[in-house]
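Both complexes shown next keep chain A, but they swap its partner, so chain B is in the first and chain C is in the second.
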Partner chain A sequence: MERQEIMRRFAEAAGNPLSYARAWKERTGRKVIGSFPMNFPGELAHAAGALPMILQETDDPITAGHGVLFPFYCGFTRSMVDQAMRGEFDVLDAIMFGDHCVQLLGAADGIRMHLTKTRVIFFQLISSMCDPWTQGRSEESFAKLRAELEDFIGEAVADDAMHASIRLFNRNRALIRKLYDMRKKGTAPLGAIEMQHVVKSSMIMDKAEHTDLLQQLVAQFEGAKATPNRAVRLHLSGHFCQAPKPELLEMIEECGVVVVGDDLYHGFRYISTDVPEEGPPVSALARWYMDRNTGVPCPTRVQNNVDWDAYLLDAIRDERADGMIVLMAKFCEPHMYYYPEVKEAFEKAGVPHLLIETEHEGMALESLKTRVETFVEIVKRREAA
Partner chain B sequence: MNRHVMGVDFGSTTAKTVILDLSGNIVAHSVAHMGAVSGDGVKQSMKDALEEAGLAQSDMGRVVATGYGRRMLDEADKNYTEITCHARGAVAMVPGARLVIDIGGQDSKVISVDSNGLVAQFAMNDRCAAGTGKFLEVLARAVEIGLEELGDTALQAREKLKISSMCATFAETEVISLLAEGHPKTDVLGAVHAAIAMRTLGLVGRVGKKGPVVMTGGVAKNPAAVHYIQQALEMPLILPKTPQIAGALGAALIGLDDYRAENKHLFISEHEDMAREEQMAADKACIPGCRGVPELAVDPFEKQPPKGKLKSLLGTIQNHI
Partner chain C sequence: MNIAVPPMEDKKANKLKSTRIAGKLVNDYWEMVWRAKEEGKLICWYEGSAINPFLEAADICWVHGEAYSAMLAARHQEETAQRVAEERGYMRELCSYARTHLGCAVSNQRLRGDNSGATPDDDDLTWKLPAPDMIISAYAYCSTGQQWDEMTSRVFGKKVPIFNVSLPWIWASKPDAGYLRGHEWHETSDYVARQLYDMVKFIEEQTGKPYPWDRLRAMMADIKRASELRLEAMDLCTAQPAPASFFDWVVSIAPINNLPVAGVKDYFETVLAEVKQRVASGEGAVPDEKYRLFFDGIMNWNKVGWLANKFARYDAAVVAGRYTHMAFWQEPDLIDPKNPVLGMAQNYLICPNNHAAPILIELIMGLCRKFQVDGMVIHASRTCRAFTNPQFMIAEAAQRQLGIPSSMFEGDVTDESFYKDELLNSRVEAMLEAIESRRMAVA
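Up next is the complex of A and B:
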């Protein structure tokens, strides 16, 4: 299949996830399980024969949802509740919620109150990542999640099925990581929107179908020569739950930027870490959960020996990036609390960075463009000085 | 080679043009008022500056545009953002400035400048017209007073009132309420300017307070805005003579840098020029065989014993021959 056709299919699923889910359900007659970000193991639902999909913020203005959540909740949570209130989630047979932040908890309650016929599976994960009991507590959480899932499906999920799902998911992640590596080296000149479509569609599509398309895509870049690009190389950081709006990414690239790396959830954060393929699958998932925070640190987790700011500075050196743009979703408390540390570390290291606060309701792109263009001019003039 | 460059600040309410000679001296400048990002206004501004300088557009070696309409100017060879240009222009006007407060028609920005005169950090109003010239314009209309009288009237304020809303529309409602309560226009306008100052202080907080502080942009010509901002900052503001043209000046200076870099083989500094003149004069006075260093010259027809180190050097050369 041609690259354009593969990318079109990824973009289609990324642009309308619930339509993809409806079509899949109609085709297979199987269950669809939606989940909130960030640490839900899709492997479990996949092994149970369901389609796991991570629920996505839409561009629609918040209407009905205003009656449930205050306007100072983040755009992702308000969009989730709004979609639920408008009946958009009728395709979902179950929704899995985690307790990653207070706002996600609020959204979970709002949805639970209104979708009384949809099975809600709630799971809690220990947020302290380096205690002696972290592995054990994580195993307990995933074992409980498995048991709830089995209860919902009505049958046991076999270890063999889980191992097979883990291998498939790992393969999918490895292929996307390969694309990231190729983009960094310039041999896969994928734009920021294209890369988002690759990752976002992986959160939605049937994993085998997605992996097959990915293999074909990666093969087309194998052996390619690096394309010289004189644009300013930047790393994109932030957005732990929702995808940055494509028009924002487009605007950033129009300012003479090439995105060479990211730690976005709809980016490298999602595919950074594999699940161990050996041993009991629940233990493997617990290990994956813990490793993810060293793969790409998350401000919602607490780990004394891991710094997100140090990780970002390392990533920028590795990517040979000239600077970083931080995309902070408005009212994202974990990000707001952690950002001062990132700012301080970057200023100390002399690495330029620009903070952009993003909003569900849209942004004044022209004004933002002036800020990004200025940032690019700063980076260029500093390099020339 | 052309002997002049032009910087054009295609702003939201005014267009500014600066023409520089190749030494960086301002030859002409102009400010034209216009409607929202008007092509006619910017053309008028460029025409006025060219007429003042007695030059034609074709005499410009480089044209750099900045401001809201920077991408719309056909004559521009390059464009840069108003933040980069205002910082450059303000530092040129006030050497050593470390913080630039620029309040223009539709935006306000605070730029921190490093010791090399480069932009270190910046913050700008990103959502509404709060704290901008437009904010003042709306509120001047609400109190039925001309924009040019606004500052002097506000300076006569006696009682401290408070306008808490930063939104121009909501602030207008507050202004009307205060007037309806019987407060004099002077006090109400004092509160309006105090609100702008607090907004500016917020932007300063985002990039870090440091001095010397220079204020540019049209609002720098409003004495009440300057007074209240100084009071809020607890620091003096340095006001250039022509604060409105800082962006255009910065654009012209960046254009000059580019033009110089591109034609560096044609450029010689004044110092180099003088050195070359002296050399030519010396060459003319030289004896045959001179290679441009007269004191080392040797007249082949006049045998004079060399002196000191030169003697030993020449001796060595002769031995080798």
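Up next is the complex of A and C:
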């Protein structure tokens, strides 16, 4: 399949996740399980024969959701509640939550109270990552989730099925990481929007179908020579639960920027870490949960022996990036807490960065563009000096 | 014509006289905190759950983050801390408790710590908070608490040992689930209790001494009694007119939540005696009780007296609230002074947010019935999403289950700039009119 056609299919799923789910359900007759970001192990639902999909913020203005949550909540949370209230989640047979962000908890409560016919399953993952009991408690949480899933589908999920799902998901992640590596080297000139489509569609599509397309895409870049690019090389950071709006990414690139790396959830964060393929699957998922916070630290967790700011500076060196743009979703508390640490570390290291606060309701792109252009000029002058 | 609201007479809340003692206890406590370093005491910063008896028993000076921020706001001295926090990059939409406290941490670190050099002003309470020797994080429900503690540790260069206690949310989806019952409740209680025992080991490591369990047991016997006295006094407010208001119970949070245990039982004995005396004499918390309201939401600490007087002028007795009546050693029967850890863990799990909405709403509706309220005033605190999460559902349930109206106003815990007085006035007046109309219709 041609690259353009593969990318079109990825973009289509990324742009209309619930439509993809409806079509999949009609085709297969199997269950669709929606999950909240960022730590739901899709492998479990996949092994149970369901389509696991990570629920996505839409561009639709918030309407019915205003009756459940206040406007001073992040766009992702409000969009989730709004979609639920408007009946958009009818295609979902179950919704799973696992996180502790206080705004997501509000959404969980609101959705359970209003979607009375949908099974809403909650398991709270421990968010303190370096306690002696973190691994054990994580295993307990994943075991509870597995038991709830088995109860929901009415049969046991075999370890062999879980191992097979883990291998498939690992393969999918490895292929996307390969694309990241190729982009960094310049042999896969994928733009920020294209990269987002690759990752976001992986959160939605049937994993085998997605992996097959990915293999074809990667094969087309194998052996390619690096394309020279004189644009300013930047790392994109932040934006956890929701994907940055494509028009924002487009604007950034139009300012003479090439994105060479990111730690966005709809980016490298999602595929950074594999699940161990040996041993009891629940233990492996717990290990994965812990490893990914060491690999790409997340401000939604607390881990005193891991520094997100240091990780970012290392990533920038590795990517040979000239600077970083921080994308912060308005009202995202974990990000607001951690941002001063990042800011100070970058100032101390002399690495330029620009903070952009994003909003669900849309942004004044023209004024943002002026800021990005100015930032790019500063980076260029610094490089020239 | 506004039928419900009389001209704004110069009425004031008839505050409990005994709550003046709370003011003195609070002042004495903070003086003790400010002296602690000079007296060679270890200092522990913590937020959220009332782990202070564990610390006080071990002779560690305890500093509750929210209490410090609330104290600054109540004294209208919070702005410096909030400015310092903002200068470091903490944004205005962050929990203002945390932002204020982190401002103190940043200020403290700059003036006393690695970046010292500036001359501290001894009257500046932002700076005056002594730096921690340890941090314990034990925060129910709200993710902000744990992140706040982690960031505090980072402000101090990660040189301060930190211990995390994880308190899971009670989701309560199983058939056996409910308030203080079901497998989930018991499993979660045991999980938290196990962590508290590990926390005690952490405390032993910091003090270098065996933990004085006998002192903790004695303190928990006192707290249990104080809690019983407090609840008895609160229950007497079912009387009409109500002898004390939500605002009296707000002022009484510090004694039950974070003041030295020694004075707490006496304080609530005094409060209970005054409440009993008021019931006997028919003296109310507002001069002319015409309406009885429930307060949902956390306190607006810059505005305690202001709001108390405002509602008094509306002849509205705010008789109960989620913040005051569903938290702070709320279930003394769970505490076994001989073996207190499990009961302490369970009381930590009963913060007024840590049960999912169906249970919370059931409890709130129960309080509304018990105190025979006519309406509900809802404080949508801008930066405290832990409290605002279920508020639309609570308002809806109040209307549907009890047929009572509610009125929302915007404010905040310690950031006064979010408070909108005119919105409160017009919405409360509209609600009182609705109550009045209903009464006329019934009559």
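Definition applied: the second predicted complex is superposed on the first by the 385 of 385 C-alpha atoms of A that agree within 3 Å, B and C clash if a C-alpha of one lies under 4 Å from a C-alpha of the other, contacts with A are read in each partner's own complex, and residues count from 1 in each chain.
Rule of thumb we're sticking to: contacts are C-beta pairs under 8 Å (C-beta built on N, C-alpha and C of every residue); 3 or more make two chains touch, one makes a residue touch a chain.
Remember, predicted model here, so these are calculated numbers, not experimental data.
Partners chain B and chain C, brought together by superposition on chain A, fit side by side with no clash. Within the superposed three-chain model, A:124 lies in touch with chain C and out of touch with chain B [touch as defined at top]. In the superposed pair of complexes, A:385 makes contact with chain B only, with no contact to chain C. By the document's definition of touching, of the two partners only chain C reaches A:300; chain B does not. Counting residues of chain A touched by each partner, chain B versus chain C, the larger count belongs to C.
In the superposed pair of complexes, A:364 makes contact with chain B only, with no contact to chain C.
Once the two complexes are laid over each other on the shared chain, residue contacts for A:336 go to chain C alone; chain B is not touched. In the superposition on chain A, contact of A:374 is made with chain B only, not with chain C. Least inter-chain distance for chain B and chain C in the combined superposition, rounded to the nearest angstrom, is 6, based on C-alpha atoms. Once the two complexes are overlaid on chain A, none of the chain A residues touched by chain B in the first is touched by chain C in the second. Those residues of chain C lying in contact with chain A across their complex are 88-91, 93-95, 98, 137, 141-144, 146-151, 153-154, 158, 162, 164, 166, 168-169, 171, 173, 191, 194-195, 198, 356-358, 380, 382-383, 385-386, 388-393. For chain A in complex with chain B, the residues that touch the partner chain are 357, 364, 366-368, 370-371, 373-374, 377-378, 381-382, 385. Every residue of chain B that touches chain A in the complex is listed here, in rising order: 68, 80-84, 107, 116, 118-119, 122, 124, 126-127.
Note for the complex: chain A touches chain C at residues 67-70, 72-73, 100-103, 105-106, 108-110, 112-113, 120-122, 124, 126-128, 131-133, 137, 299-300, 302, 304, 330-331, 333-334, 336-341, 343-344.
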